[in-house]
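Everything below concerns the one structure shown next.
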């Protein structure tokens, strides 16, 4: 019985929504704006990232960084290498910072650099590898082919490390005393040739310095070096030579980016060095071994129109509520359905569902049309791997973007119910969704992130398929899509609860 | 004309929302500016790598305050259509251009008053809060003052900006005749473009959007530092760009208003 | 359910102004009950309270023995017309009835039936924004009849209707009552209810003034009053006044007499040899009866105004 009544109310609200031609036109307009503007923007933008790369192409075709000081010798077939790392850190008497703003914020570093053992397809930057290493902040890691990263024990102190090859399988071990070994994990490296280079390496992730001030974001990268000392280097079997060669694996240099791009990219890449005395190796190296995707997110770029569609949806949501108060139509509504909470719920469900489906269709359409255009304009592999509708990140982005749009529409409906007048309700919703972005792009980093967490603007993070990134101009990129949609959801539920409370309290 | 002006002033004055919206415009402008300058910390921004444009930040609140002005301007027009009061208005003053001109003068007038209060309040608030965050003369930030030519220009420009926003609101209101439609149109025109500029990756397109969008172009006049590198259009040219939008809306409104049946 | 409206001790105040002040009455089935009072007497407020739109500060309003808000398919139990213009101007007449039908699980076919019954079938696919006042009123009545309810409420239904429309709506209300439904109709003009209502609830300043049948009310108002037509007005007036009656002139030939019966008047005039052309007991109009009833309320309001 109850479900039947709920269904009746849903049917009634759906009839209301579809029977006002202007609202349907607004809904279609939102879809048209979303698709149209996205396609227009995809057609207009170009990039030369592939012609002027700051990355190398990894074994799976994705853009990666690959730089280190590598002390190696060839090995054929299976084998095991062991070493003890006695120290790891930045070299003493580092030259004073030659580039980068004084007051800039240092961004936290990832796990993709350190000192350890590696087996690699030659010394070419970007070739297939597996490594077990100690990262100064992230502890022991077992990594391969710029994508796989397994964690061992935490802490950057002295360690014994061991790497064993068995066919395509590489297993990493760690130990504190060289006697009791603990397995970190096993990775599969399919592209590793029968004869590979094996040895010890040192790398250091460049320091990223971020400066946000009114109107601009500047990002400085500073090359840094790590120095590590190794002893007890032993190659068990399969070693074809007895002498170790030292090489520097380097990356191509990228030109500085556009006008508000990077500043003080700073100096030449410091070369590494290797010293050996009585089996003790002191190696200095720099560079990162890991993913290096350009910050531009081609999924987000193909959804630019969402912002314009959102404005139309805000108007629709508000009107769906405030039209009830024009000419006291709300009385007719509550005469037909006296239980007001259920009316509000039915309105929210109908509007949310209709907008969700429309938004999903238009975002999907925008994506499908814009992607080939973007590829033509330079957003192509390897810098920008091809994204398809079935990629999990794309699916997530489209679903969450549609959810964001639907939630904003329902939020607007709730605000319309609370305020009962169109103009202030539309303005409130627009201001809450968009103004934080405009103001956020002018403020320093911390208040901006805070703004993105506490306002509806954080919902724009749903449009990003790539991981959160504080280095971009667009403020929402510093929060995760899930954090963004959670904020929007909280606002929507909060506004609905307030509207419900007021509907019950207020005479119609 | 005087009588029509008096009539329009009486209409605007006797609607309770007018007072609230003007208050909201002033409060929003001052509070957001105060909050923005309050978050600054000299530790995160030191010369020569970083030089905050404190004047611009102290006036950042108009980006919110203008929303209230948009509602005010639109509500001076559209409810007359919603309630068919426009028929009464035009019966009292058959010359439609006089009606439009009177509405415009009255709305722009109250907006100018609110704008002057809001801008002065924002500068005063910033002047009070900035030294506490380390933005002192010793660090290269003399107190904000209208004696400074660029700050004066920013203040005057911001006041004019709000007045032009009011003109734009009235124009679009007459054209669209519907409250929700007019408010959405103006807000979309103002707010969507700066976000689009963040979204497009192509610097040429960013430049074009900043240059031709009414809000970005119009508020360029607030910039007092690194003008050469951070702006996309000249200060007065930017205000001119907004004026062109407002004028276009107004001319279209005047034409349509004359020939359309009430 | 028994098709009745029961209002019991309802009190409602808005920001210090008392709109309804302890109102109690019952609306019975098979009758048209008129709800009369001057503008601002609290009629619309009472109707909104009955419909669960406004919450009373005190007392209860029941429809068929239950509060409106507890009804599961209210449109099938009460049909109401409050404000006929409360329709979205962009919505077609049929769609307006359709969403109402959906909300109460009423069959789609019923929408077309009602449109036919009310004479709107040809305008069913037109947008309500373009409707004339009369058509809007008909649409509002169609909405009230949609659920075929045993109780009907109309708030000032003849406002804005042309004479044809007024005749039509009176006929409709009579026939609805004749079908055994309870019809509750408000008006600020007693004359509108003259030929329609069986029973009257009269209120003033939120209080009940009378709860009576139309027949009884007219009888009370007419009681003991005699109308005399004579060419010798002055002599007759003097004579009757001397006999203790209250005499008032209606026009040059007609007088009304209070305080004496028809027989006494006839006897006095005959013995005095004063000729008269007609002598009959006076039939008060409903309007007069109403004026008499509300006089106190109006005076009270005048005093109240002064007291403030």
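By written order: A, B and C. Residues from 1 in each chain.
In the analysis below, a contact is a pair of C-beta atoms (placed from the backbone, for glycine too) under 8 Å apart; a residue touches a chain by one contact, two chains touch by 3 or more.
Note that the structure is predicted; figures quoted are calculated from it, not measured.
Sort the chain contact graph into one of these: line, ring, star, complete or other.
Topology of touching chains reads as a line.
Which chain pair racks up the highest number of C-beta contacts?
Top of the contact-pair ranking: A-B.
Calculate how many whole Å lie between the centre of chain A and the centre of chain C, each centre taken as the average of the chain's C-alpha atoms.
70
With centres defined as the mean C-alpha position, give me the chain B-chain C separation in Å.
55
Just the number, please: Cα centre separation of chain A and chain B in whole Å.
The mean C-alpha positions of chain A and chain B differ by 35 Å.
Any idea which chain B residues touch chain A in the complex?
32, 36, 39-41, 43-46, 49-53, 56-57, 60, 63-64, 67-68, 70-71, 74-75, 82, 179-181, 183-184, 187-188, 191-192, 194-196, 198-203, 205, 223, 225, 229-230
Which residues of chain A touch chain C in their complex?
These residues of chain A touch chain C: 1, 4-5, 8-9, 11-13, 15-16, 19-23, 323, 327-329, 331-332, 334-339, 507-508.
Which of the residues in chain C end up touching chain A in this complex?
On the chain C side, the touching residues are 48, 51-55, 68-72, 74-75, 78, 80, 82-83, 85-88, 90-92, 95-96, 98-100, 102-105, 143.
Going by the contact rule set out above, which residues of chain A touch chain B in the complex?
Per the touch definition, chain A meets chain B at residues 37, 41, 44-47, 100-105, 211, 213-216, 218, 258-259, 263, 296, 300-301, 304, 307-308, 311-312, 314-315, 318-319, 322, 326, 422-424, 426-427, 430-431, 434-435, 437-439, 441-447, 473-475.
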